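Chain lettering (A, B, C and D) follows the sequence in which the chains are written, and residue indices restart at 1 in each chain.
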Amino acid sequence: MPETIRRSLWQPSRRQVLAGAAGMAGLASVPATVRAAGEPIKIGIIAEASTLPGAAIPKGAQMAADAINAAGGVGGRPIELIVYDDHVSAVDGVRAFQRLVQQDKVAAVIGSFISEVALAIEPWSARLKAIYITPGAASNDISKRVHDDYAHYKYTFHGWFTSYFIAECASDSAHDILVDQFHMKTCVVMSEDAAWTTPLDAAYLEFLPKAGLEVLDHIRFSPDTTDFTPIFNRIEGKKPDVIMTGISHVGVVPTVQWKQQRVPIPMWGVSSQATSSDFWKDTNGACEGVAGQEGAGPDSAVTPKTIPFTQAYQKRFGLVPAYCGYSSNDLVYIIAEAITRAGGSTDPDKLVTALEATDYVGTIGRFKFYGRQDRFTHAMEYGPDLVPGVMIQWQNGKQVTVWPKKFATAKVEFPSFVKLPA
Amino acid sequence: MEAVQILVDGFAISALYALGAVGFTLLFGVSGVLNLAHGGTLVVSAMIAWLVATDLHLGTLAGAPAGILAGMVFAFATYFAVVRPIQRSRAIPREETEIFILTGTLLWGIMCQTVLAYCFTTNPVTVPALIGGVVPIFGVRTPRNEILIALACWAVIGALWLLINRTRTGKTLLAASINPRGLTLLGFELSRIHLLVWAIYGLLAGVAGVLLATFLGASSDAVGPLTASAFSIVVLGGLGSVGGSLVAAYVVGYLETITAYLVAPTLRAIPALVILILVIYVLPQGLFGRR
Amino acid sequence: MLRSRLLWATLIILALASTLPLWLSAYILGVLTTAYYFGVFAMSWDLLFGFAGEVNFGPTFLIGLGAYTAALIDNLLGWPIPLCVAAAAVVAVVGGLLLALPALRLHGPYFGLVTLVAVLLLQDVIVIFAHFTGGEIGMTVPDVLSISAGTNYWIALVFLTVSGAALFFYSRSPLGLILQAAGQDPTEAASLGFNVAKHKLAAFSVSAFFSGIAGAMLIFYLGSASVDVVVDLAIAVQIIIAAVLGGRRTILGSVIGGVFLIAAGQVLLPLGQLSTFVVSAVALLVILFFPDGLLGHALRRGEQE
Amino acid sequence: MSEARLEVAGLTKRFGGLVAVRDIGFSIAAGEILGLIGPNGSGKSTVMKLIMGIERPNTGSVRLDGAEIAGWPTHRIARAGIGIVFQHSRPLHRQTVLDHIKLALLPDSLLRLAADPAVEGKARTIAARVGLEAVLGRHPGTLAFADLRRLELAKAIAREPSVVLVDEPFAGLTPSEVAGFSELIRSFRDEGKAVLLVDHNVKSVAAMVDRVFAMYLGERIAEGTADSVMRDEKVRRVYLGGSIETAARIRTNGEQARPLLAVEGVSVLYGKAQALDNVSIEVREREFVSVVGLNGAGKTTLFNAISGLVPYRGTIRFAGRTLGTISAASIARAGIVQCPETRELFGAMTVEENLELGGAHLSNAARTEQLAWLLDLFPILAERARQQAATLSGGEQQMLAIARALMMRPRLLILDEPTLGLAPVILEQLSKALARLHTTTEITVLLGEQNVTFALPHADRIYVLEHARIVWEGEPARFAAEAGAQYL
């Protein structure tokens, strides 16, 4: 993870671990420390080591692979990860995918938390008939394509909340906490202009009113915006009770300026970078009070596996996993199980059938994939008893889970400069 | 109300743009070098400032000078590793030195960017502001830091102005930008003058970088955009004209702010770009260009 | 005679290249395919820089125009690929002429900046009309040239050969001679009776023509058009580097440079992020120590004989 | 003599404030050679550019065979039948001589992708005519200077123009080469072409021109046969500043004085052109030495070699120390200060600032003292102290340039063409200033001039430089008798 790289500037020892995150060669050749023997099963990983969430992908996956191998592998065959970096570029992502499938002959590819990249890879997963699962991209279109042209696109699975469910989850939490506890009535939606936010915003506009928050304004800004003053001023002009965010590519800059300018309105919703444990340092603590939707928090047991995994991860990499860390880890298990179910075959069509039968309890909940009739075919099913999703809030430099009630470890608190409705 | 807001917000941004561009144009004026690794210099100083201030927990007061120093070091690295070899190369025909320096510094900038991304990720870093809090200006809630930044920028630019117009050293710089041959005839070693101007460039860019980090934040991804914006401001103002780039900085800064407020944040950059093309087309030498 | 030696070398390399699909993996073919289209980008740029004497920082303006025209038409009107490509060529040429107008007025960095800004503007327009263009995401095209790596490779190779030949002979033809004269010393060219403006406009159109087609073909190969593939300045920079690396004023050298850049990038993929660093460092060293570029160096040697 | 091919009337060109060409008019008939002469800055090259359409005239007309062509774009004028031979040109590196000539023969069409076969043959004939057949296959980089000039000539006549403009036809050529070129140019005349030769002085073109048109400071000063122009009073004053007078001067120091500067067998090559050929001169302490010679004779090159601005073969010693590898700047600091022909002032800075920079290496006290002395020497500069150098008149700029050089307290002051393009009244003031320098200071001066009258009074000894060689050396007194005649 990048932030470890930062520290590692004076802890070179850790740089090695990182070589994994950054230059994947290290991990690719990690020999399975195993009793498992025989022809290894190759799984491809496409990461973005230079971003907070993207660097968690290979780490989470590696944890799973090592665990599986230590436990004897898949039917005696060890799992081998082959990891490439796509430099956050669609074309590099496609090249990496082609290389993994055509050159390295992997059974399946887990890759990229960026919808732009995922959407570029998806057609190739169809053309090359190769399993592709994204551990963090959110755009609805990923699974919508599968639904619209199943025969062609069925090789793609969506291993994370679709934007639609993220919005629903955030809105539900907003209803339970902002509306019921803080008596908020109005909000402004503020999203970065990107693939995943188009459906997110649409869903926000659909769910927030139902949740009891009137949407006063809807602002999209380009991800390379550096000066947020005009945006915050415009929002303030509308006098909303809360800002519902949809940010992932950006995070530090708006948060820091929000604090610097003492914007008296709380931020709630999605803030992917805030899921990284380094966010506090990156923003010099400006993120105090910022709340974002997550799969699982470091401090609460969504499933029995959550906390052990988080701790093991922290022990090995020196930080808690960003959201892709959880999903990537679970997806490796899911693929392994599918291969077992397919009788050890890695034939793509057999794997598709096997994956569709997935019912696995991972670190962020119980995984199932929607069927071909559902609007989000092959997307991770969302729901209280499946993958519920949680809200994490930064409080005094710690990430605490504040929603839903059954996982909550703390009450919501906002910094002093935030004005709350009477 | 909105007008005042635009006025206030636009000022700090523009001041920062100005400071960012001045060094760039000075460098071109005196030594004829367009340094396309300029963004790199800014981000390097920002990152180092962050490293010392936040990561080593030494605070902004220690981070700022460290960052500025880093900026100067990187500037010299650019000069000795890329620019001077090209200028002295016998294999490169004189009339093509320019394109080679452009390509060379461009590559250097990319190298710098990738290394920064490797060590610090593409995530923006921010250095804690020296003074927090906000003060109302005509009812506009303005962060004290923004005021500090505007003041700092103008202080530095003012100092530069004094250096150039009031000191003998500064005047040799000015003279070099007008007629280098004349200086040689008067017994000045141009090589020394180039070293001096690179040092000043590094200093200016360093300060700009650190201020940037306390205000908008800086990330390795910003290397390209920062170079582009400095380049366009400087050309708009007229290459080599310090005064010109100050004016241009404010034109661009306010155009962007106005667009962000009155049109849409997403369109922020566009009007400035269009104006830029028009101006250059009508005045091929920019607003105050000499050459 | 040098010229013929160059010709023979090219033919032999072509012969070899055409056999690659028989014994190379689909993936490597894929890399070479992109590299070939990239080569065409670089050649078109070299025509402008090396012969017309115009430093164009925005080759991706022309490429992007072509690519997105094709992508949009394919998506909205569903025309067959050849028609989309043709349309792309037309639009790119128009763009080329637009770019040429300032070129006749501005010089050096000033013109360079205009081309740079042209790219930024195109990028913004694409993002603003995200509704049609898919904005930052980019758009997938329904049709692709082929899903067989082999076929794609053949297509790219043929296209590279054709456009390479065209550009090379244009540059070596009387027109190329005039163009070079005009680029080096407009006044003298004019006093020999040549209409400098006319010839520069021609050069821009030709360059735009091939850039546009290459851009369109590339996205029909990749199956999607996105800003970071055909418009982003980073790509423009790579193109320039490829051309300078291969050797200015050689046209063919640009192909070598292009293939080198792409291939190196892939070979170093296991280095993760740092691959870009290594590639640029190598390029910088070449520029510092062999300013004539790879092919240029060879040719210069040849001339001295 | 047939009807006029080229007719120029009332031609005027302004650059900003300065009038480069004022109301110039002349005509050249078919089969006639007109020499357009004038010292640097007289505007003759501008006239040529105006005819060729490289610059647009403010007013006036240019007629080719009766048709008005003033204001046409260059390429149209070229196609209408005017060819030009540039003095300096930048040939294409990768093309052979033959390619270059072919280029000039190509039609200006976008459709001709292949040159028609006739071109090759034509090109070879032209090459043969200008004497390039031996080097057809070579690249310009490998050509001798004369051949490069031949190439220019070939390109200019390729389209068989009816009017040929030639800029400094003989600059940098050896006498034998000059003969060859003259032959060629005469042959143009015989074909009925109208030829315009542009040069610095009558002498070099006298042999072949039918008429001469002399310019000075942008205006016509004389017109007629070569002899009549050479005899013309105005012309003589411009070049010689009137009758050659040798103010008898008191020898301030005799032969015994130590040599300060010794130039021994120095040669300089510009590319292929021999700019200095084995030149040796000597300047003694406190001596005033003048190097006289026409433009292009090599004076500036000699001075630049001394100042370390151009590489040379041979040795230059200053105060016993060999200069060789020292940087130009340190040579200047060592005491050899050049005040170049081009003046190299800092235009955008004030007179004061210019002088300040000149004295940058002095202690503050010394600087103020020196400054005071110079403002006394050139009072006009005191008045102009706060004015921008660029806004000064030519004469004032020249004084500033000299004063700035003197600020450095040079041991040897090199003055290159201080009279260039200056009105006679200014020459007076300069003259006085130099005289005062000579009598009141320890300074040694090396003066380069084509204006002999200005040079003589200020010289203890004189060298005459011609075609890159020293052809005469001696006292001013003997100059008129021995060298004066053949000078113009």
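Quick note on the criterion: contacts are C-beta pairs under 8 Å (C-beta built on N, C-alpha and C of every residue); 3 or more make two chains touch, one makes a residue touch a chain.
Quick caveat, the model's predicted, so the values are computed rather than measured.
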Task = State which chains count as neighbours of chain A and simultaneously of chain B.
result = C
Ask   = Which chain has its C-alpha centre farthest away from the C-alpha centre of chain C?
value = D
Task = Between A-C and C-D, name the chain pair that shares the greater number of C-beta pairs in contact.
result = A-C
Centre-of-Cα separation between chain C and chain A, whole angstrom = 37
Message = Averaging over Cα atoms per chain, report the distance between chain C and chain D in Å.
response = 46
Task = Report the inter-chain centroid distance for chain B and chain C in whole angstrom, where each centroid is the mean of the CA atoms.
result = 31
Task = Please work out the Cα centroid separation of chain A and chain D, and write it as a whole number of Å.
result = 75
Ask   = So which stretches of chain B touch two or more other chains?
value = 117-118, 266
Ask   = Which residue numbers or ranges of chain C touch two or more of the other chains?
value = 127, 273-274, 276
Remark   = Residues of chain A that touch two or more other chains sit at 22, 50, 193, 222
Request  = For this structure, give each pair of chains that are touching.
outcome  = A-B, A-C, B-C, B-D, C-D
Key: In the complex, chain D residues that touch chain B   = 307, 309, 327-330, 332-333, 337-340, 344-349, 353, 356-358, 360-361, 404-405, 408
Message = List the residues on chain B that touch chain D in their complex, please.
response = 168, 171-172, 174-175, 178-179, 181-190, 290
Key: Complex contact set, residues of chain D against chain C   = 52-54, 73-75, 77-79, 83-84, 86, 89-90, 92, 94-95, 99, 102-104, 106, 108, 110, 112-115, 139, 155, 158-159
Key: chain C contact footprint on chain B (complex, rising order)   = 34, 82, 85-86, 89, 91-92, 96, 98-100, 102-104, 106-108, 110-111, 114-115, 117-118, 224, 228, 231-232, 235, 239, 266-267, 269-270, 273-274, 276-277, 280-281, 284-286
Key: chain D partner contacts - residues on chain C that touch it in the complex   = 169-170, 173-175, 177-178, 180-181, 184-185, 187-196, 198-199, 202, 249, 303
